[in-house]
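Each structure below appears as structure tokens.
Each of the next two complexes has subunit A plus one other chain: subunit B in the first, subunit C in the second.
Now for the complex of A and B:
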């Protein structure tokens, strides 16, 4: 029984360059705008603009809103993902369709829907207003808007994570005497950890970029609901340099989220 | 301690298996029969992973299942199971996979580590201890799965074609290790196989599936 890995034969494909060549236009299309942003964004004026209180405030609001939205999505979305992954005998197609709708719905429409629900004259809004909990145009509204549009991502990728759980491994652990608690700790959580972290990172990324639903439902109030995307849009009208600087900061944050979640996943 | 089985099983959808036998402490029971005759399903019923259609399984006075009702769950039956497919955790090392036996049985850390070390040696896995299970050959994976079942310090073993992936010479040393290991456990033990002759050194009783019934040879 030899176990030393055999050297792989060199791939000899005749048209190996074709996939590469046909990928170039797409890569250029993605890379050019990013390069332009970074090029302008790294100029002196833009770097100075980034340290203005308004810019820092927008970054702070964005991080807070996206974190809260991600937490809310995890709490609300992962149970749905879990349920869908267990192939329920009824309703799964309807529920999956419903959970996916925010993904294909224009965010402005999503914001309108939230306004009709939680707004001052909305279905729930009137009673919330009556008990002194107005939601629309507050930071809570920004969180709800970001959570609404990010939900599909955590449901989709979460379902895949739960489906990845192996029944055979769980059965095996049971026969070896594992109690439900031992299985949760040593069999189930280790299998779920990485895919769930990945889906949470995906959700955070989407929440960070949310614009349409936020401006419709939460407005653009500095320090409360003006997230980076909203601030960028506002600034573009009169101060392009600051807008670009903020845009770059958002790219950096998204990139850091990817990097950190990748690190956490690899370190396990 | 003896095991009493009197069950009827659905295998897949149609053909049934009627199994009636008792096995006493120290017995090694070989279950032999054609493909698809329900040997694995019988094993899984004894393990509590599937419910029989009718009949009962008990150990001494403790009823494990009655009809389709499972009274004692898998985790409380004291088995070490080696399924047909090794079912290892691909991202964990051989050592971690073997140690999982003791973790599942909730052995003390010391006892678990001692048992893991003992069976890593017995199944000649010392050199592979740090290798990821994903990188094992079929035979190495089969030996790891065996070591894990033994390292869980079970009362009974249930082995489903444990030698199927092994080369001829490694088969001999594995049978030696299995025979030694079985001797140290209470039993009875059950082994599903197509080659009863391979296990002659454990002095087994052979039960054969014929025409949907399990009959003593």
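Now for the complex of A and C:
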């Protein structure tokens, strides 16, 4: 009988600190501007500025616009994601490229495109204006602008979610006689829920931060289209303290949204 | 299984936050405004003056809110052509307001104030207060001017084309700003030491900044009523308020 040698211990991770060390400059680069904003934004004067009616109004408009844009993106973007996930025999590259274009398009260009489509003199805007449905420079325009730039995120992450669906479970349930409703309720929705929530959170976060397309297509009308980023831009010209306070509020919400999407992705 | 359930339970409060944020947004975003709001699109150099008039008007009409939106007159004019819901347009260029009137977008413009161009600079107590223009320019590390596509930039270029200091100024220009207020902000933030502004703006600059008139050719501000105004009666009343009071309160003061 021969004795087998003891299993070798796993090699020591000798360079474990190298990735950490090399990531520090990047983290500092991201953290410093945020820290500067928070440092100034948490001063007494800035916190008082946050409770001014104009600031609260901008937060209200921002939440409204971002929520409506997220709903619109979900309605329009998820079917595209679903279709792309099924590997269609034709056109998928073209459709994916088209759906992703707003992600790399400068937002001001996106706003100009929307203006040329839905503006008073735009391709569709002329007819809409004629029937008393003006779009540009209204709250609807702000929603459309935010939805246009956020849509790629929901398509991108939605496609990944649909691709992650386990067809085997569904097939098994079908062979056991489960009805389509039961399969949807107990197999498909539980699998899709978390990834879809994560993509909705990402879309909401992007919509909250939208600036360029909104100012071009919807203008900066307090109470209607002046979202937090637009209010920050306007305030920077004469009241930096309020601008910073509002920026901090946006950072907090954005951070929360990122936290949600990260947590939901991990738990799925 | 148990850990999956735990993870799911841990994620629930965060999902709740997202749902709450979106619900609050949808509910409050759809709330109608309780008061009539007048939108005044104004040349950014007139924003502060008009805001004072707006507060006075609101005191007389408690159920009315006046929002003064300052930007370059050229951008505001473009937005009006594209259907922006301004009730009143205050422009720093007469030709722009005339074009809008001819296109049937606004009423006939009325001149409400006049200004000139001034060089605003940081006051240096070590130097004599009355310094020649060329000395201020040559002593500047960088100069802020407006983009030629906006009225202030247009007038600045007009002054520069006739000025012997043209090359000195252009060598020191750091950036071309989007409107008069943006130029002023660069100066007050200390990012430039000299800037070309309207004499109108000199009155509200901080104490450490001085102004020297450089071009006295009058720059006229006009105001007009938008034909698409949603509150024409109120807008007309505020227009009267502007036309009666702005010339008194907005005289350019060169310090």
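In this section, the second predicted complex is superposed on the first by the 244 of 268 C-alpha atoms of A that agree within 3 Å, B and C clash if a C-alpha of one lies under 4 Å from a C-alpha of the other, contacts with A are read in each partner's own complex, and residues count from 1 in each chain.
Here is the rule we go by: a residue touches a chain if its C-beta (ideal position, glycine included) is under 8 Å from a C-beta of that chain, and two chains touch if they have at least 3 such contacts.
These numbers were taken from a predicted model, which means no experiment stands behind them.
Once chain A of one complex is fitted onto chain A of the other, the partner contacts of A:42 are absent, as it touches neither subunit B nor subunit C. Of the two partner chains placed around the shared chain by superposition, subunit B is the only one that A:168 touches, whereas subunit C remains out of contact. Once chain A of one complex is fitted onto chain A of the other, the partner contacts of A:178 are limited to subunit B, with no touch recorded for subunit C.
In the superposition on chain A, the chain among subunit B and subunit C reaching more residues of subunit A is C. With both structures placed on the common chain, the touch criterion links A:197 to subunit C but leaves subunit B unconnected.
When both complexes are overlaid on chain A, the residue A:186 reaches subunit B alone and has no touch with subunit C. Contacts from subunit A toward subunit B in the complex involve residues 1, 3, 166, 168-169, 171-179, 182, 186, 190.
On the subunit B side of its complex with subunit A, the touching residues are 47-49, 73-81, 83, 85, 87, 89, 100-101, 103-106, 128, 136-137, 139-140, 148-149, 152, 154, 158, 167, 170.
Residue ranges on subunit A touching subunit C, taken from their complex, read 60-68, 70-71, 115, 119-121, 125, 129, 134, 136-139, 194, 197, 200-201, 204, 219-223, 234, 236-238, 240, 253, 256-257, 259-260, 263-264, 266-267.
The touching residues of subunit C, when paired with subunit A in their complex, are 4, 7-8, 10-11, 14-15, 17-18, 21-26, 28-31, 33, 37, 39, 44, 47-48, 67, 69-71, 79, 81-85, 181-182, 184-185, 189.
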